[in-house]
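Across the two complexes that follow, chain A remains constant while its partner is chain B and subsequently chain C.
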Partner chain A sequence: MIDILAVARPAPTVFDGTANTVAVIVLLLEFGMLRASLFGAQVRLYAAQSVAVSVLAGVVAVGRGVPELFILAVLSLLLKAVIVPLVMMSQLRDSRAEIAGSGSLGVASEVIISILVAAFGFFAIGALGIHSEVLPAAALSLSMAVVLVSFVLMILRRDVISQAIGFFSLENGVSMASLVIAAGLPLILEVAFLFDLLVAVVVFGVLIRVQSDRTKSFSTVALDRLRG
Partner chain B sequence: MLTLSLPVIQALQVATIVFASPGITGVISRIEARMQGRRGPRILQPYYDLAKLFRKESLAPLHSGPLFLLAPVLAFACYLTVPMLIPVLTTYALPLGNMGDILGGGIILAFASFMVAAAAAETGDPYAQLGASRAKTFGAITEPVVLLVVFTVALVTSTDLPYVLAATVTSGPAQLVRPAHLLASAALFMVILYETGRIPIETHTGTIELGMIETARPFEHSGPYYALLKWGSSAKQLIFYTLFLNVFAAPWGLASTRDLGPVLFAIVALIAKAIVVGVVVSVIDNTFAKLRLFRITEFVSAAFLLAVLAIFTLYLGGG
Partner chain C sequence: MSTMLLCVFLLPLGMTLLSFLLPRRVTEMATIVVGVATFVLAVSLMSAVTHGVVTAPPFLRVDALSEIFLLATAFLYPVTAIYTIGYFAKERSIVAHDGADAIPQFRRYSRLFYLGFNAFAWSMICAPIVNGLALLWIAIEITTVVSALLVAIDRTDGATEAAWKYVLIASCGLGIGLLATIILYYAGSTVLGDSYDLGLESMLRSASRLPAVPVQLAFGLAVIGYGTKVGLFPVHTWLPDAHSEAPTPISALLSGALLATSFYAILRYYQIAVGALGPAFPQNMLLIFGVLSLLLAALYLFAQRNIKRMLAYSSVEHMGILAIGVSFGAPIAFAGVLLHVLAHAAAKGTAFMGAGTLVHKYGTKEMSGMRGAIRALPFSGPIFLIAIFTLGALPPFGMFRSEFQIVSGGVSSGHGVVGAVLVILLSTAFLGLMFATTRVLFEPGTSTPLPSSEPSYWMVVPTIIGVVALLVLGVHPPDTLVDLLTRGAAELTGAAS
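After this line comes the complex of A and B, so read on.
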């Protein structure tokens, strides 16, 4: 039996395994957004995903000794897991519409399509052979998959909430990629990205508000009835 | 200390599964009842039920063939065979332990389920046939998940013998936190929820015929044959729990020698771990609603996603 174990693929180190697991959780939460049927659930999924990205930053900070990442982790936790969800929820509090069944396909087919798209992202990035000093390369592929699945989410869900959340979670994927490639990116740049996101949130919030006030629904299908 | 011979341990593996399984079912229904604020049945109630059924007369529908009465016996024989293939009590392979891998065990379990479905089709009872056809339909869509889990195991250990995976998992923390292992375990757990007929797939104790899948199949059986089917489904549940626990999630507490003490400890440890899984299953039972029939595909696609991601991360060298 020992011989068989020796032939087997070696396991990544505990640090790599943990980082990859957190990255996989980020991707799974992105998939969860495909089937969320309440806007509260959608916003909570985004908050959970942001927590996972912050945890990843924390893991890198501890495991690789990059203390400024702690600041980034705390900032992104505050902004993306607390402030953005609060802003979204307060914009939508008095809205009675829901987002159930806004997918243009069934959930199972959406998941299959997203798996295919994610696979493309995975292996396209994997083929580049990028090696990072702080995080395993699989995390980079996973972040590419997050970005692509968020595109699928924005395309297939026909409600403004999912589309906005898809856009925000795209930013989560990008910040995960930046953790892999450039963990030592100057903090000021990272923080600038975060505040860019805040602007987007406010703009999207207002747009969603206007849309739901005018059409009494979150559905974008209703938009082409407004012509003329 | 008394040293047991290998065939005795082999027999003990089968005996543990067969005789502990109604007790595990009893514990789960007790915990479930307690969580719902009921007193619940006695823990030993499944044994009393079986004893009662074995004393009863059995009847067969008028035009059913010999398969109707043969199927419960064959299915039960299958459930007696599988515990020989998986690590129930020991970390080392027993004499017959290497005669089949995880896929072999899966085929035997699938054969048992096919026999029960075929017997249900013999009856002419619409509900039994409904259950049988549903079980086969959803069985067909959970099959890819099981296969991908097996492929993950094969990629991790370069073999698909369950003993080797258990040894790999216990070899260090790096093996435990790798995403491929966690994802495959989670996917297997979802398959187990399906296979043992639990929420969110179906209500285990329900009597609503239209929602039934697994529980509708033995509708026409009675007496000792019904007892064998009921006993078989408990045994199947414990087999799946054992597979999940002793191969994937927690292969600790197994005997690594042939001494009596560790083997007895392994029996107790297995039952304790199975009860922990039972608690988790009861919590799921009480927190989620049953899925509508046509949303079961969503549940299966989620399990499929987990298994596919396990393979992806392995291929990228990150699993």
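After this line comes the complex of A and C, so read on.
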């Protein structure tokens, strides 16, 4: 009897439960982006996902006593949940083109593919046995699932907004992975990564603007002139 | 020495800021002066790094390996800056013809161009001299965003499409590269403690104690992630588009310097991975990617009709050669790889600039529209032919020496079969290049031949500099450079103290 108790898994702590829940929310929001049909909705989903990642940083800061992560949480909230969406919306203000139905497959098929890909990422990373003391291992596996689903989003949607948002959410997945296994990464580097994202957002914004000015649409279907 | 290193970092940065303010003519000349000064400073660092590491705390560090990649960029920076003057001469005459309305537009274009050009050179100079894998990632990310805007600068349909594909694919690659950085950070934290800065020194020293699985994962992700920017198959797809649609000076920098800079990142991961896992895993991985890239490029070279796309596939080929050279693991092959980086910078820079002159002269990028170029361009024609010869590793140029070293490294380390495959693929690629080039240069056209003249001698001088550099590298490289290559190879084998 004592032996059985010794090998039984302990119940997850409140911290683990909270962290895993937030990580699952990040993944679910990624799935939400797959079916968003207006670019405004897509940008809002990205903002919500960024809020969730920032909350996760806050949770780790409280739960594990890493005060620098508070600064990171605030900065990433400011940048990814406020500034990036504002930049994107301001670049797109005059555009009336829609992104509905830009997927090369139906929404249902896209979701099924994403579920398979996410499951692959989740279990593959889980099998590697990379653990850290900061966050439960499930959060790392979930972040890998987010990264892979964001690739599916970029590959299957044929409009520039979804592709750009897919890239930004990929970065969210990587941020989540860094919270799990690299929470001690010096703040200056984390901030430099964030700053870099901002620069990338501006470049993506400029190129989306140029593209939509030229073709009056967000579709990438016409971008097939260069090949071979 | 550390002051010089600091100057290498600060000069192009200062020039970038000045490009905002100065008038165009002053910017043109100042860029050349700064480029030459940067190159001289980089060369003067050579002898110091053959004896040890030069640092400028807290962020800058140069050893023999980084010095070689610094030299490649620092050479192309002033050379392409000279070329740009000739490249703009025609645009200026068009603007003068179009009337007063076009002048402010051209002024804005050239200001943006020089701003981007200097920022691009600065970011590529930063990548090898920053200390630490996180800073390296940041520098390479900056190269992407700056060069994507430069690819799009002409605002044609093709340029917009190429820039979009480039920024999206390369950013995704760098996202994977960031994941690699973070996983390597985790591996390092098991030895170096929770909080450290991913500095190269400490990572290399503790490499043998790092846990295997995370390092394997990090190395795999790094090869795929940074390999996207290197142009390794199958993640090379942005490369031919971006190289062909960018303005020619930018194509020369993209191909000669940027690809190598990203390859430098892979080499750093390679050093750490070999320390942690032994040579087999990283070498096999690079071998697979290298052979596939070389094979793809050799086949595609035959099918190209656009002269700049053809050169872009030749870059994929040469990056494949670098990956294969590293996979041999022999010191002589490493020295060959490092020499190849320098020779490729000079050869591909020269070839792209020559191709740019052809495009200017004939007003098309399609090779079917270029005939009899050897007569039409009395200097650029023969020089372009020499550049193609050097890319095909004909003696006496630098690439002959480097590829010879790589193949002999392969044979001496027991990779005879791969060595033979390498030689066959190289010959195939060379055939593809030669077929296309001889038609462009020697086949007489059906229409009236163009008058024999150069568009601008500013476009000829830099290609002559490139050919001279290739001759020096091939016939008699300076002793300091040979010492540097030997030292760099020793660092890659882990033998340097």
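Quick note on the criterion: the second predicted complex is superposed on the first by the 213 of 228 C-alpha atoms of A that agree within 3 Å, B and C clash if a C-alpha of one lies under 4 Å from a C-alpha of the other, contacts with A are read in each partner's own complex, and residues count from 1 in each chain.
Here, contacts are C-beta pairs under 8 Å (C-beta built on N, C-alpha and C of every residue); 3 or more make two chains touch, one makes a residue touch a chain.
Here the structure is a predicted model, which is why all the values come from computation and not from measurement.
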Quiz item: What is the contact status of A:Phe204 with respect to chain B (first) and chain C (second): first, second, both, or neither?
Solution: second
Exercise. Have a look at where A:Val107 lands relative to chain B and chain C in the superposition and call it first, second, both or neither.
Key: first
Practice problem: Report for A:Gly126: first if it touches chain B alone, second if chain C alone, otherwise both or neither. | Solution: first
Exercise. Determine where on chain A the residues touched by chain B overlap those touched by chain C, and list them.
Key: none
Practice problem: Enumerate the contact residues on chain C facing chain A in the complex. | Solution: 134-135, 138, 141-142, 144-145, 148-149, 152, 155, 157-158, 160-165, 167-168, 171-172, 175, 178-179, 182-183, 185-186, 189, 193-198, 213-214, 217, 240-241, 244-245, 300, 303-304, 309
Quiz item: So in the complex, which bits of chain B are touching chain A?
Solution: 92, 155-159, 163-164, 167-168, 171-179, 182-183, 295, 297-298, 300-302, 304-306, 308-309, 312-319
Exercise. Please name which positions on chain A make contact with chain B in the complex.
Key: 1, 4-5, 7-9, 11-14, 16-18, 20-21, 23-24, 27-28, 31, 35, 106-108, 111-112, 115, 118-119, 122-123, 126, 136-139, 141-142
Practice problem: Could you pull out which chain A residues touch chain C in their complex? | Solution: 128-130, 132, 147, 151, 154, 160, 163-164, 167, 170-171, 174, 177-178, 181-186, 189, 192-193, 196, 199-200, 203-204, 206-207, 210-211, 214, 220, 223, 225-226, 228
